[in-house]
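The two complexes that follow have chain A in common; it is paired with chain B in the first and with chain C in the second.
Let's turn to the complex of A and B:
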């Protein structure tokens, strides 16, 4: 009788394992704060894309963007591109922080930041510039 | 017998709590997946290459 009871227990406990594993499978990225950051970055991208392509703006090794060659931007636009870069970096930092917070682990911010750093570069289009581990600019 | 079931219960409880504990460590694969999803949206990479991607299993994996 006891062993049957025990077996029932074991089965019941084992049935829970996939549920727990599933719960841990995804990060929460559907909060209002994350969505609005995403939308702001998406609309800014239409203005930044040509500067990535020209090489004026590059992806830094720390998951941000930088004006790597201002000479490639017409003088009249230079200030505007500078503000775009600053705004983009502000949103990126906020995004990394918000994802960590949305998942109840603010201490994950740095690791999320470095995960993004790798993925931005990985997904960058050919011809865009990024910083390698040593900090040198490389054309993809 | 009762003792044995107690031991089994404790073992199971600790193994289940170990699964939960894993959660505290940084979930690198999940973070990568989340990053890819966000980057695809921000850079609008979903329909790259003209034709719609062949049934991309976006929600899976």
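Let's turn to the complex of A and C:
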């Protein structure tokens, strides 16, 4: 009985290992690529902020952004906002990939996506829209 | 077509009004519920009563048409006249969503109903329905008709008109077999439409639509003309800021296949194209098409139609000029042939990465046959390096392109490419080439890249370069001659070279570089001699080094070894505050140059810190320059760790500001 419990503990610990290992990921790690991506995203943020506030653009559950209601954007700007969203997503994907790579674990990319998704929602201003775990849009 | 089917339903509804039962002083119309797939009418009653049957009233409990339902619809007239067998009313009222003034006349003998609805003083809709042998017809006319009233007639998931008016007429003819012909001649003003997502929308659109549809033996034949004169539209991802578009054509509708047998499309600022093709309406998409266009404006073509699809490529921000012709054949969901011609074209990357000018090209591509293409340009640049007149011959076998060999003038030298091959597969594009670089003067090369003026020439051999799956790899060693020495680049690979964060890894081995040329170039203070530089395990992220083991050491052999006062001071300052020239300052005062035995400095870059070492250990430090000859000088470094950014800053200060040593 004792050995069975021990075996269960060992199995449980082994199952937890990847999680524990990921918990050790340094999300603040910096490399030239990461800082260049952050700078690009920062400068783009001023163009996107009003669209987050209006609800035209929302934060997705996988750490990206999406044009959730194009009708809130004046017609002449819709194409440009679509381009901004595409560029932001390109940078976000590259950022998560770079952080995983800089941590020496490219396979963590997916977990970093979802960790950042929670971070973005926490940092979002009241009134911004985000996707909950079920994929539904929710106003913060 | 659905709209027309609905009108047919209206006529059937009117036909149902025919059974009439007369009682004393009252005529009651007996009408059953009408239920059809697209509409239903329930609880219908109508009567004529009053003095001389002057009062008419019809009620419909529920009228439903597609998504739209009206309840308690009431058509009444208190001054109905019976005039030569016709029932007429000049001041009736239609209670729909609001009470609307109507006029109507019904001629039972001729089986003609005329109905006129005044939604407002300016907005009038007129309907004339006629039935009997040999068939029936309905004609709808409008003066300033609000287009939004048609929302209920449109498919559920389609774009919906939200504003705008129409003027003109729509006529529908039919017989026992159903609808036979539809003719529309409509002018639109200030039209706005949108779908639920907002990804397909238009505003302030003005124009004209003419349409003629007839039932044929195998299906429907159509002929149409659409003139979009003003207004803007966004059709994800395309945006048309203004009108000027025109389409005219004819074709057929057989089953769910809408076919354009002959069409002409003009897009403002782009040009005109002749086209034909088939569209599977039930979600099947484009089945086939042929398109021919001549003299297209490349600027408009790129900005309006191509740019939105190239956002994730190197061609996302271009300035395009010139003219082009295109013939394009598409069958069963794939391109089978295209023939592209460019004339006097210019393609300039707005981010300054590349430019091609004076481009003339002919690319007659086929997915089955081998074809020869030729691309010429008179000049251009890549990363600010000027390219000269070039001719690129291409052999195309489907999506496999090969070039036997061509040469691109690069600055005052040439880049010779041999055995270029590119192909496209499910994993994307892959290509490879080999070649060489004929001597390019370092003066021009450095000036083009904004580097300090360098001397000598740059030449080399480029072994096999492969690009596949987003990774570029050089098989073998790249060999260049620079600063009178050699540079060998081995194990070079580059991942995502066109992505947001390119990663490079390589090993560099530089031999026998002339220190005199090198130090003159970088204003470092003169040194004479030869050095070898090795950079092992170089890793760069976004073109910034993140890891390497680098060493600089005097080359073996016999050659003059001299170092100037300035160079001594600069080398000392690289070691940080703890480094110093290991000689007495008073001695420096009398000599411009000193002899040395050997030079050595290494840096192992890890986590942004350079771990430094020299030729050999010294008390509390390491020897960077080991003195030799008369007068001799030695330089000792004391800082073992220097931040990489700090080191770069010091080098920048030394080389750019040309710091002079202060001799006391």
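What we mean here is this: the second predicted complex is superposed on the first by the 112 of 140 C-alpha atoms of A that agree within 3 Å, B and C clash if a C-alpha of one lies under 4 Å from a C-alpha of the other, contacts with A are read in each partner's own complex, and residues count from 1 in each chain.
As a convention for this text, a contact is a pair of C-beta atoms (placed from the backbone, for glycine too) under 8 Å apart; a residue touches a chain by one contact, two chains touch by 3 or more.
Source: prediction; values computed, not measured.
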| item | value |
| --- | --- |
| Which of chain B and chain C A:45 touches, first, second, both or neither | first |
| In the superposition, chain B vs chain C on chain A residues touched | B |
| Partner chain in contact with A:72 - chain B first, chain C second, else both or neither | second |
| Which of chain B and chain C A:53 touches, first, second, both or neither | neither |
| Contact set on chain A toward chain B in their complex | 2-3, 5-6, 9-10, 13, 16-17, 20-21, 24-27, 29, 34, 38, 41-42, 45, 95, 99, 105, 108, 111-112, 115-116, 118-120, 123 |
| Touching residues on chain B, where the partner in the complex is chain A | 1-2, 4-5, 8-9, 12, 16, 19-20, 22-24, 26-28, 30-45 |
| Residues of chain A that touch chain C when the two form their complex | 31-33, 36-37, 40, 67, 69-73, 75-76, 78-79, 82-83, 86-87, 90-91, 94, 97-98, 101 |
| Sites on chain C touched by chain A in the complex | 194, 197-199, 201-203, 232-234, 236-239, 241, 308, 311-312, 499-501, 503, 541-544, 546 |
